[in-house]
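Below is one structure, written out as structure tokens; comments come after it.
By written order: A, B and C. Residues from 1 in each chain.
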């Protein structure tokens, strides 16, 4: 069977592979290469070694600022989203009537695209702040917290679904045994429920982490006009496209170097996550 | 003309590193029901799959109906296969499952319908034609798999442990159904199983395999009464044949087998063939069912039963000699007291003698 | 006594849930309500209900439609999403099947390459991809479909591979014996069995592509080919002050409605997809 199928490579694999190679692999490799150059366009590059990387960490402050901002944002979002999502999941797995309705309502925001989402919240937040005579650009922390609230709104429903599935997968006999043993609700929660849904916790942590870290669309829509509230992805974008004139080649090179570091951090997170899940799954 | 012939076929995996079947040569006659039997990993399924064309032949030649088929695609070999897991197409109805191969050959609709209905009738599948596999029981699925094969009118039916996933009662029922089918269709059947009872009840001839090598290829009766070596003797027959090592000594006119302080006189016809083994040791095999109870120690073995099991019409007696465990199967209307000493008399016509070093049979 | 306590407990849970639902639905309701108010009143008092003075009916919607080439953008998005998803599902399922069934070093490397691509953030390839897209004349609607295939192949191949591994090889062997060649085996046997995964992959890709902003903006720009998110962004981040708030509100509502309808129809599959995606993750 393999012998015959092997010959069919051009039909089964070649289309996907060629598009993948030309439109992903090549740009990726070029991206890595260009991060070590100054370039106005892709075919006019000049090798500068580590100059871009050095600039990022020394003279150009925007990168470190957005990195720090992104880290803070991610940490706050991951914690708030997961705690709330898990709590809501607990409430919705008690077999109360109408749980499905609530589930539908909470999940819906997840489908709304980043740009639309950002603008909806932009209007609402500016509307609220208008009472105080300011808008979202007044203080960076307004932009920050606005982003956090919006992120929660979007992701709580998604994580809640995963937690609900995890909680529902706990065998009934465990909680029954606990009840017979005389465990209080709080004890059941911490000694049984939470340990048993650890796989879901790992997955949700991973998803919220990567989503928050890589956030772009919503950031652009909500904070586009503010100065200091660009997360990493937006900062990279600005480095590329918000500059004109001289030194464009320098900005491009720097943008690409930022992108490479961005990629490395995301890859590191994924790698650590994979290790952590792998180990814990075995223990389960 | 033979239906299937293996000529010096060898099969390797991993680019030649692992040899599963070193050198296989045998012929299956047209319309025969041949069973390939042996322990797990003996190469029986691989052999079957080579006939099907699902495994490549690393060396040698395979002929089906006189044609060399080493490089012929499965669909051109005119064979049909029934898998252990039935392998029914889950998204198609029973009817469509059975009609599929014909549809691929662009058979006219009317003919397809005739053939499917014919098979469905024989296999009692008419009420289920519009159901999907997941709505069927194990036995029903098995019948659909058979029907799917039948409809194609193949020259050879290949069956790979088709009854292994059924419960014991269903298995017995399906065994006879498959045998009946074979008689009715008058086509060659090649059947793989690890269950020697299935082999003995269904086969015209049986291929006993171990580690990729044919141990014996014979009728069930011959395999039972004249096993070619220790492996076949121990594999065929349940409970397993008893083996004991004995020394052959001559006392006067008689050749005697001596073990454990017991002596048995070997009958003249067998003694002739054993003459070269005088004063050496051989392995004697005797089946549990070839013992009878004796009143005294003449020509018998004195034993103390460890466990006795009553199985309806018979009693299984477990005893030890020299630390080894043996079984005797006795008719139960003779009720022994389970703790007392017994005298077991082996039927000396049914003694089997094996060479201790080559494990081959000397005389039966 | 115990049941009374339980009842009280349940009611307080309901209270919490209802409050939360209100908070969750509020943003959409606010936009909805504001979309039928006159522009002036939106800026002035965004959180009041419309009354006879402020209510303007659907005039905002009409303005929204005409002002931003909304309809054009909507159909662009539909075209791109539908054909990209179709291309991705068809081609990646084929590739995944090949990779799983033909086991050699090459296919193994290919598999890891695809998995690797799932981690790479868009910004990494943003600039060079745009450059090559323009070089190869792919800056059109059909062109962006290819780009989505290239960028989305990773996740889809990964998900299909996972599921294909659980299809018993015997079913495909039966198909071979019945007379199928590889192409027939794939389309008549494997693909129908893959249906649930295909639906999940379709939904995940559709959600991503429909809502995508940056790639269509860079490749298709803000002209006639622009997609819905781009249109929304263009309209809502214009200069200060002279925005037509009413029209903008209407636009947001119109952008959200198709999604909500899609969701209410496909809810079961979407949620299944979320859980499936999480398990693989």
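To be clear about the criterion, a contact is a pair of C-beta atoms (placed from the backbone, for glycine too) under 8 Å apart; a residue touches a chain by one contact, two chains touch by 3 or more.
Computed from a predicted structure; not experimentally measured.
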item: Intersection of the contact lists for chain A and chain B; value: C
item: Centroid comparison with chain A (C-alpha atoms), farthest chain; value: B
item: B-C compared against A-C, more contacting pairs; value: A-C
item: Computed distance of Cα centres, chain C from chain B, in Å; value: 59
item: Approximate Å spacing (C-alpha centroids) for the pair chain A, chain C; value: 16
item: Chain C, residues touching no fewer than two other chains; value: 173, 176
item: Residues within chain A bordering two or more other chains; value: 1, 4
item: Residues of chain B touching at least two other chains; value: 54
item: Complex interface listing, chain B residues touching chain C; value: 52-54, 74-75, 79-81, 83-85, 87-91, 100-101, 104-105, 148, 152
item: Residue ranges of chain C touching chain B (in the complex, touch as defined); value: 168, 170-171, 173-180, 184, 189, 192-193, 195
item: Contacting residues of chain A [partner chain C, same complex]; value: 1-2, 4-6, 8-9, 11-13, 15-17, 19-20, 22-28, 30-31, 34, 41-42, 88, 91-92, 94, 96, 98, 102, 104-109, 111-116, 119-124, 127, 130, 153, 157-158, 161-162, 165, 200, 203-204, 206-207, 214, 216-217, 220-221, 224-225, 233, 236-237, 240, 252, 255-256, 258-260, 262-263, 266-267, 270
item: Residues of chain C that touch chain A when the two form their complex; value: 10, 13-14, 16-17, 20-21, 24-25, 27-28, 30-31, 34, 43, 46-47, 91-92, 94-95, 97-99, 101-103, 110, 113-114, 117, 119-129, 131-133, 136, 138, 146-147, 149-151, 153-154, 157, 172-173, 176, 181-183, 186, 207, 210-214, 228-230, 232-233, 236-237, 248-249, 252, 255-256, 259-260, 262-263, 267, 270-271, 274-275, 278-279, 281
